[in-house]
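Let me begin by presenting the structure, written as structure tokens, before commenting on it.
Note that the chains are named A, B, C and D in the order they appear, and that numbering of residues resets to 1 at the start of each chain.
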Amino acid sequence: MYQVDAKVINQTEVIENHFILKIFAPEIVKKAIPGQFVMLSAWSQRDPLLRRPFTFNRIFCKEGSFELLYKKVGKGTEIMSNLKTSDQVSLLGPLGNGIKFTQNMKRIAIVSRGIGVAPMLAIVDSAKEKGIEVYAYLSAATENLLLRKEEIKEKAKLIYITTDDASLGAGGKVTDFLAQTLIDTKMDAVYTCGSKRLKNHIESLKETYGFKAWVILEEHMACGIGACKGCICRAKKANNHQDRYLLVCKDGPVFPVDEVEV
Amino acid sequence: MYQVDAKVINQTEVIENHFILKIFAPEIVKKAIPGQFVMLSAWSQRDPLLRRPFTFNRIFCKEGSFELLYKKVGKGTEIMSNLKTSDQVSLLGPLGNGIKFTQNMKRIAIVSRGIGVAPMLAIVDSAKEKGIEVYAYLSAATENLLLRKEEIKEKAKLIYITTDDASLGAGGKVTDFLAQTLIDTKMDAVYTCGSKRLKNHIESLKETYGFKAWVILEEHMACGIGACKGCICRAKKANNHQDRYLLVCKDGPVFPVDEVEV
Amino acid sequence: MIEKVNMSINLGDLRLKNPVMPASGTFDLYEDNHLPYDTKILGAVITKTIFLEKRLGNPPPRICESTSGLINALGTPGEGVEYLIKKKLPVFQKANQTVIVSIGGDGAKEFKLLAERLDKVEGIAALELDLSCPNNEDNIIIAKDEFLTEQTVAKVKEAFTKPIIIKLSPNVNDITKIAKAAQRGGADILSLINTLSAMAIDIKTKKPVLGNKIGGLSGPAIKPIALKMVWDVAHTVDLPIIGIGGISNSEDAIEFLLAGASAIEVGTAALINPSVMLEIIQGIEQYLVQQGYSSIEEIIGLAFK
Amino acid sequence: MIEKVNMSINLGDLRLKNPVMPASGTFDLYEDNHLPYDTKILGAVITKTIFLEKRLGNPPPRICESTSGLINALGTPGEGVEYLIKKKLPVFQKANQTVIVSIGGDGAKEFKLLAERLDKVEGIAALELDLSCPNNEDNIIIAKDEFLTEQTVAKVKEAFTKPIIIKLSPNVNDITKIAKAAQRGGADILSLINTLSAMAIDIKTKKPVLGNKIGGLSGPAIKPIALKMVWDVAHTVDLPIIGIGGISNSEDAIEFLLAGASAIEVGTAALINPSVMLEIIQGIEQYLVQQGYSSIEEIIGLAFK
């Protein structure tokens, strides 16, 4: 884990309140794995106080840079949205456990909703690199909220899209499309983020088709490094029926779908 | 008193850590009198918390704008020093009692040290307008700290300058020059700011020559509008020998030299 | 314009047209200076705490800034009650139809004398008893002692016919115990919190920053502490509560209402943004409309209902 | 490079090579993750408060941000003392030569059992007694009661041969009374302050933000309150003090030293800036050099000397 001051390469507002922030941080990038995150601060005073966690949306190894895809929702992201080229940000990272592709993986699926797509593009990029086939299932409230659609389409073998208002795609549940695919197509792993409903559907599909399935979780974080014990999620009750908590920042943020409750 | 959001026209660092900030605020300017001040905030979060007080260094009635001359000394002025054209600041003002020229005034003197020159240029400008002669006595640690020297020279009948390192002017005390002048030149009023020593010298000269003399004071302020009672200075003990405090923001910041202790 | 909702609220016999008012000692009125809003829109106006006699107050510096906080050591300076009655009250009464006078004193006796005097004065809606000013090092702090609190409140209650508000100090083991003592004494309304004992040291001079060495902390920094105390008192004492402490916008104010406060006072935030109370009133109205409520009373204490 | 000054300090029999250490519960070590500095430079390392048995802790959310503060309701989760001894201690001992173990418990008896167990363990320099964790609503808080404090400290003192640090709660009438009680019980060192009871309410859900409803406030917001308590205790009790509360840089740390603390702990600030303790150590050294001191001891308590 590194603590660095890094320079903003550029920032663009892709759609209203949604930004792509590109940052130059070679040390961090060298170790970064999709699914991991950084704790970012763009403020030198004490209000806001805490850093904010953001997952790698895109990792550019050669450039030594990465992109964050974030939504403006409060104080911190408000301040971030004003960042300009060559402004400085403070970073801790890479943090948490990223995804791990195993040798024998041939085909994976990503299933996300809304801003939950943030970690997915990095996963797609790295799968592509390793020659792993990607099926993408993206849902959102409206078409314009299908962020990174084009970049993912470009690299995915197949892409399924639904929007609540059916402005694009068939409407209906992305997981139904996934179920369709699974009938005649074997998935080695499925990754999901951004919706409790998606996570649960995928968990039940897993029962049937027995693929590996991972969910990427969010929880409020003070430190991001396992020091404060603040960022817990509930572990699925094991046989001994004992309650257990896991640290999203340290044990996650990538968890096997059937090990955590959301 | 007005509370307004105002736009920065421009800002220049005149010498290291010393800035001239020009702000467009017609309502405030319409009522502004030299010696008065504004409470400024250039931060939307709560750290720093309080506004910062700054005196009018220059008032441009026609333009509806004014200039502040300030020194970077801490959190607030640090943030201010990054202000750029068309950034917004929040202002309360004009606040406090400014100077008042009376009909019969023909000649005044200004005596200041260092950043204490801040209110003086506004006084000089307005004296000039009213056809009142100005004698200027400026002192500073070094020549480059003789801020606004040129602007004042341009308008003053006479200007005396001393620097501690004698890099410019004769060295020695500006008040000695004033004493010299007073021997054959009648002053109707003397204004001073920025040094306890100067204030006391002028007070004793006043005994001898009986001119009106005013000092412009600073004190830490939370509100600037007489609400918090925080910004006190000690009033000279009256005959009844009772301790009394005055509010710098409300009773001042311009005080008769012999009414306050510093 | 937003739809009208009923913003008026009864604190026992004290009826306010809305729940937003200034905190004592952070608000003053002068003939000459007009604030950037019409003070008539406020639920009430409150004077700085007044003592029987003139008080000089503490030497400077009296205030210093901390991170998101303000430390003050005023020492409650003031001209005394007669001056207040003659000079200040008329100005306050012109500014708002509901005037609350905050009173202080060393010991129950002084409080009683003040109450008796002010009971004879027209146009005072209520008294707020500052039992908790923590600035004067030597002052015994009544609000830290259950017996003294009950006794002082009782004496004032005898002497004053209109409602009395008891202002509590946060610098205690258990504020609900003091709240109950105030209730036993006959309190009509409770207001909390006053400032938390605090200080700052100048590492250059190596001495305390404030003239009085120690002072009281206020502002956004203390809001979570104040909210918790309001929550606790609302759970234990059946009296109307005025929430105070770090309230800087309508969201903060609403938190206090949800925690069980029937009204709120704004101090430090109004020193920085004089029109903040206007913004808070409008913000609460908007919130009620958006959330589908028709009166302020509906949200009071919702967070534990 | 700056000249060398003597940064070492003795807290009674507890010798530290410098006065800067982490605050319990805001610092943890794992085999895999290395912090962005070498933990050997710290004056000491401190474990999260450990109980005899495994504790689940509070449900999420456990933390929320306030203005310049952090509200936490952890409920001191932990694996219990045996796990600590087997798994955590070795990691801590590898990280720094001075390891302090923070212990908690419901009542004096549990504290004593822990102390007895840990007295048999090698390589523990001192115990810190968390008498004040205000997070568990139902927990009786020992640190709020003079008798319970004295009794608990005495029992631990019997059982543990090395120095014991008593950590005090700020949620009290008069912290000096509790400090004296701890001294009577046999405290070697006092550390203060723990968090201030606090809470936040979500105005959308209209419910408390934290899973435990109430929590404890830490961070820059509370610094002026903590400093005042250190100042008070330093004036009244003749024991070495570890200052805690909102310390975020060397200037803050120096304020606490000038107020009478012999050492300091850094909590929330180190969650945000993991290398802050390194910066604080260097900053104190620079200050001493600039001010012409040759050892840290010279500035302790200067603000009231």
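Everything that follows uses one rule, which is that a contact is a pair of C-beta atoms (placed from the backbone, for glycine too) under 8 Å apart; a residue touches a chain by one contact, two chains touch by 3 or more.
For clarity, every value in this text was computed on a predicted model and none was experimentally measured.
A.B. asks: Copy of A-D's interface among B-D, A-C or B-C, judged by over half the contact pairs being the same?
C.D. replies: From the options B-D, A-C or B-C, the copy of A-D is B-C.
A.B. asks: Which pair, B-C or A-C, has more C-beta contacts?
C.D. replies: Spelling it out, more C-beta pairs touch across B-C than across the other pair.
A.B. asks: Can you compute the centre-to-centre distance for chain A and chain B, using the mean CA position of each chain? Integer Å is fine.
C.D. replies: Here chain A and chain B have centroids separated by 56 Å.
A.B. asks: Taking the mean of the C-alpha atoms as each chain's centre, how many Å separate chain B from chain C?
C.D. replies: That pair's centroid distance is 36 Å.
A.B. asks: Indicate the whole-number Å distance between the mean C-alpha point of chain B and the mean C-alpha point of chain D.
C.D. replies: 48
A.B. asks: Among all residues of chain C, which ones touch two or more of the remaining chains?
C.D. replies: Counting only residues that touch two or more other chains, chain C contributes 67-69, 220, 248.
A.B. asks: Got the chain B residues that touch at least 2 other chains?
C.D. replies: Counting only residues that touch two or more other chains, chain B contributes 46-48.
A.B. asks: Could you please specify the touching residues of chain B with respect to chain C in the complex?
C.D. replies: By the definition above, chain B touches chain C via 1-3, 41, 46-51, 90, 92, 219-223, 225-234, 243-245, 250.
A.B. asks: Where on chain B does chain D make contact in their complex?
C.D. replies: Touching chain D from chain B are residues 46-47.
A.B. asks: Give the list of chain C residues in touch with chain B in this complex.
C.D. replies: 25-28, 30, 33-36, 48, 56-57, 59-65, 67-70, 72, 74, 77, 219-220, 248, 268, 270-275
A.B. asks: Write out the stretch or stretches of chain C touching chain D in their complex.
C.D. replies: It is residues 66-69, 71, 144, 171-174, 196-201, 203, 206-208, 214, 217, 220-225, 227-229, 231, 246, 248, 251, 254-255, 258-259, 287, 299, 302-303 of chain C that touch chain D.
A.B. asks: Give the list of chain A residues in touch with chain B in this complex.
C.D. replies: Spelled out, the residues of chain A in touch with chain B are 43, 45-48, 75.
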